[in-house]
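Across the two complexes that follow, chain A remains constant while its partner is chain B and subsequently chain C.
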Partner chain A sequence: MIQVWKKLRKDAGGYLFVLPAVIFMLLLIGYPLLYNIILSFQNVDLSNLAGGKREFVGFANYRTVAEEEVFGISIQNTLVYTVGSVFFQVIIGFCLASFFSMKFKLAGFLRGIMMISWLIPMTVTALLFKFMMGSEEGILNQMLMTFYFIEEPIGWLSSPNIALWSVIIANIWIGIPFNMLLLSTGLSSLPQDVYESASLDGANWWQKLVHITLPLLKPVIMVVLMLGFIYTFKVFDVVYVMTGGGPINSTEVLSTLAFRYSFSDFDFSLGAAVANVLFIMLFVISLIYLRMIKKDEAI
Partner chain B sequence: MKNKIVVSLTLILLVVLTACGNNEENAQQEENDGKEEILLWHYYTGSEDALNEILTDYNKSQDKVEVVAEYVPFDEMNRQLSVGTAGNTLPDIVIADTVNNVSMASMGILADTTDDVEAWGKADQFLEGPYNSTIYDGNQYGLPLTTNSLGLFYNKKMLEEAGIEEPPTTWEELEEDAEALTTEGVKGFGLSAVRSEEATFQFYPFIYSAGGSYKAMDSPEAIGAFDFLKNMYDQGYMSQDILTATQDDLTRMFIEGNVAMMINGPWMIERIQENKDLDFGVTNIPKDKEFASVTGGDNISITETGNQEAAWDFMKWLFEPEQNERFAIETGYYPTRSDVLNEAEYWKNEEIVKEFIPIMEVAEARGPSPDWPGVSEEIQLAIQKILTDEQPVEDALSEAAENIAEIEASE
Partner chain C sequence: MSNRKSLVLSIVGIVIVALFLFPVYWMIITAFKAQTEIFRTPPTLFPQNFQIDSFIAVMQGDVGQYFLNSVIIAGLATLVVLLLAVPSAYGLARFKIKGVSSMMLIFLVTQMLPATVVLTPLFIVFNNLGLLNTYAAPVLATATLGVPFSVLLLRTFFMGIPKELEEAANIDGCSRLRAFLQVIIPISLPSVLVCGAISFFFAWGDLIFSITFNRDQELWPLTAGIFNAVGRYGIEWNNLMAFATISVLPVIIIFVLLQKHLVEGLVSGSVK
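Our next item is the complex of A and B:
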């Protein structure tokens, strides 16, 4: 005991340096998190939000939510949305990164230009895609029809079977530059001598890609996948602006559902329950991410 | 050296902590030149200056109360109200959407003004639809401040080219005209079916006109209304885009000439008029049995925690005919006092704007129901299920009726 105390005293300066950050995190991250968890076990609406009597209701909110058909739908939508977005973002991002790593004139400049879609506020991008995907006046259908790819206009956002993929397409466009940038950095850090000796051994382009680039880039790709997953999983603005969760519930995701419960129905506890489900799923993913990073550093 | 660091860190911490503590003291500073300060929340964007001018006039007119306005974005209002309720930082007065009035009252964040209004004795001057939207459980929570309703906007030139002399007045005529107006790149008719309150708002006049109500969504009347609109949609007289189109999007399509007739409200008039060569008119929404419309607009209420006496004094002043008139003109809405609407010069003479006067008289409030958000969501779902062929009209509506009954019974 005394030894522990001594050690603490010895390291006091260090702990003091950490203290502001810890306080900061406890106040701004820990408190809302805890509050949200407590909220999800109570029955809170506007009438007792201010300080009326709150009842502890156990898992009743989670049960209510789980029984709603829309909850299952929104979990499925969130997963499809995330996996679909990240998959294509990484593939296209990788292709572009490889392209720009070829040292041609203006490569750096063009790569910079590509970042623009990352800089535009997400709401604006979502609105633009909403216009472009209009079924009659939308430019996408107009183009496809002019070139006779389709005969009838596609209801990009109005058909329940397609709407989720339309939102995914918009999100892929938004996410490509971010993936490209991370992968570019990864690519440029790969050792060149391996490629040289591979060339001497007569490896072709495909063999270099599969046997050298991808294995060497694996840590970077995993990190990109994880970050993309975490970032995409909590999507809100794109869906909210483009479809509002409709048609019917075809694009409802966990975050829009939580928002609807809390701020349209004023059922804060149900909203908190949904938000916690979202949080737990993200938390697990983050743990995996942290483990991966640790492993990397250990090597 | 180490000590210095410790000391300076402690100092920083102290500064941070005291800075946090300061806020509370500021909030308690209510005295303002010996006047009581009343805080008002609103979401007016274009007419903020006008509102402040009106407030300044009131503040100068007496020396007891000082009303201060604070802007909250429309989409943020519900959120801010909940935050305010949680943190005990609600304003004294809230100006909010009519449909939220009753649900806010049912949750106990609004003050009961029944006695005040009775003592005031002007209740019979108000338009019935807006007035009813303030009543919950027989008591009154605030007053309707501005109102508006939905009408049929039509592109005069397109109607003329299609050989239509008068805009449609019945559902049959609406269907015939929409068919005639639908051509390559132009849809005859449009209304919003987006997954939000806007869809409920826009479909409601049709349900009313057929004699239906939200309490019986599976009634033959309501089914008839949906059958009619579904058919219009299936025939292609309405664009598929209505499923994601907000009222804003509809207006854009109307201005661009992609839609010949649409359902919309008077707050869009100015925006459409900016396009000088677009000649358009407004009339009653075509009827099944009777002309019908639905009211929108804002109600003004005093919060439970607010300074009731001072707030009511301000409201009495605000509802004097001249203020009611001035406020409505500035916000681009209509006055809620029937005497003002019918006697003031402005609404009689202004082009297009005046077309809404008869519509206002037949407009009814949505609900009113304390569970309106939930009820409205069921209606939105039914609308989208029906239009996308997810469910036949009758099934979708009987499901909605069942769920609405359940929601209403759950209190």
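Our next item is the complex of A and C:
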């Protein structure tokens, strides 16, 4: 009896340490998540927000949203944005990680200082790129024209065909150091003796890259790809500040669309429906990611 | 590696980093230019007429208030994160209690969720609780960014501390809580500091929570202020860039102070 009591007291101590944070996250993220699903099946706008009568309307919100042309566009944009950003971030990140893995004097310091682009508030970065990408006065066009790469200024953010890629460029800049850092850690954990014996066998750097580095680094690369996907898919600040979704919806993504429905039109249920579509797509990716890291270690 | 090769690589490295960080340089340098110089063709890579009028202009505006709000919001959010995450990570690392893996899963999953998904429900909940247009709304919301990150990072760290340290403290008659406060916390201070700094950055960078929950501009942080200023300053990019430089300054200062620890911490906190 005394032992049971002791065990209980010991456990209670543990829960006192652990639970406050768990409850905090469940209240502020878990509960809103469920609430969002309910909202998406109701008809909540400004009139019944604070306690008026709410009705369940089935899939009506989803149908309304899906009938708008902008919904399809924003799904497509979100995917292009994510895949484009992650692809270039990982490739550039990998090149830089390889470069800085050569142990020269300033390597660690220089690699660290690049993190600044990741730490700057995204709102500021977005504004900065908006400034640099201005069609008349922007430094980017000015430089390209000075070196005769282009003759006419490019409408980086004003042309519907280009704007999405301009926003992607800003996002790539933000994400490069983070990818580089994770890949650097992966590179530094590779066994050196494999490379030494490959050198003895006369392998050149390309053969070493394709036959040794990439296969050995595959688990790390997969994790980096997944994390990149998860963190990029929910993009909001960069797009919202740089273009606000325009011109003519050409940069509208799911999160900016959801935000517009909820907080410009005050059609909270439509916003919730779009946010839910975003959530479901992310959820599937997250499940794959969780399964992947679960193989590495028991969480 | 020979000294010569090291030197060459270092120079190449400096060039790469300089090119990569050019936007940051351009932001700072534009802030020191006069309005007429910004639109000059070809552009000047260094201000011909170095002036601080832009900083004076934005300081006379609302930047002071925005800055204070950012400090309050990010500071309080960091406090909330540390108070919740440090004990939680310790408990997950040390106590043999039921449900550890499902609680870990909660942190992993909540870390990945986009703000957009919880934004509308939180707005309604905060509205009903009367928390809209208070500091509490963005503080609570931005703390959810730091809590899971810090728990996951610190748990890994705590698991690496030898148990004998606390056992020695327990034999001395210390209670579990005192062992935690007097033995564990002091030796984990660098890691706790990293979590604090990163949670601070998360909260400092928030835009969406503040503009959604607080229509009252008196409570806006720098990010919301600068976003709003785009309309107000129009094409006065030198003023906007002065505003931007002020917004980034604290982040860069903290980063420089903690650089070595931060880089290590970011890796271990993100991959787990």
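Just so we're on the same page, the second predicted complex is superposed on the first by the 272 of 299 C-alpha atoms of A that agree within 3 Å, B and C clash if a C-alpha of one lies under 4 Å from a C-alpha of the other, contacts with A are read in each partner's own complex, and residues count from 1 in each chain.
Keep this in mind: a residue touches a chain if its C-beta (ideal position, glycine included) is under 8 Å from a C-beta of that chain, and two chains touch if they have at least 3 such contacts.
Bear in mind that the values here come from a model prediction, so they are computed numbers and not experimental data.
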| item | value |
| --- | --- |
| Three-chain arrangement built on chain A, chain B and chain C clash or fit | clash |
| Chain B versus chain C as contact partner of A:159, first or second or both or neither | first |
| Partner chain in contact with A:263 - chain B first, chain C second, else both or neither | both |
| Partner touching more residues of chain A, whether chain B or chain C | C |
| Which of chain B and chain C A:91 touches, first, second, both or neither | neither |
| Partner chain(s) touched by A:49 [first = chain B, second = chain C, both, neither] | both |
| Which of chain B and chain C A:247 touches, first, second, both or neither | first |
| Partner chain in contact with A:20 - chain B first, chain C second, else both or neither | both |
| Touched partner set for A:132, first chain B, second chain C, both or neither | second |
| Partner chain(s) touched by A:227 [first = chain B, second = chain C, both, neither] | second |
| Part of chain B, among the options 4-12, 58-66, 76-84 or 274-282, whose backbone runs into chain C after overlay | 76-84 |
| Overlap of chain C and chain B interfaces on chain A (superposed complexes) | 13, 16-17, 19-20, 49-51, 136-137, 262-263, 268 |
| Complex interface listing, chain C residues touching chain A | 1, 5-7, 9-10, 12-14, 16-17, 20-21, 23-24, 26-27, 30, 38-39, 41-43, 84-85, 87-88, 90-92, 94-98, 101, 103-110, 112-125, 127-128, 140-141, 143-144, 147-148, 151, 176-177, 180, 201, 204-205, 207-208, 212, 222-223, 226-227, 230, 235, 237, 240-241, 244, 247-248, 251-252, 255, 259-260, 262-263, 266-267, 270-272 |
| Touching residues (chain side chain A, partner chain C) in the complex | 10-11, 13-22, 24-26, 28-33, 35-36, 39, 44, 49-51, 96, 99-100, 102-107, 110-117, 119-125, 127-129, 131-132, 136-137, 139, 142-143, 146, 173, 176, 178, 181-182, 185, 223, 227, 230, 233-234, 236-237, 240-241, 254-255, 258-259, 262-263, 268, 271-272, 275-276, 278-279, 282, 286, 289-290, 293, 298-299 |
| Complex interface listing, chain A residues touching chain B | 12-13, 16-17, 19-20, 23, 45-47, 49-52, 130, 134-138, 153, 155, 157-160, 242-249, 260, 262-266, 268 |
| Residues of chain B that touch chain A when the two form their complex | 2, 5-6, 9, 12-13, 78-79, 81-82, 85-86, 88, 103-104, 106-109, 185, 187, 194-196, 239-244, 253, 256, 258, 305, 373-374, 377, 380-381, 384-385, 387-388, 390 |
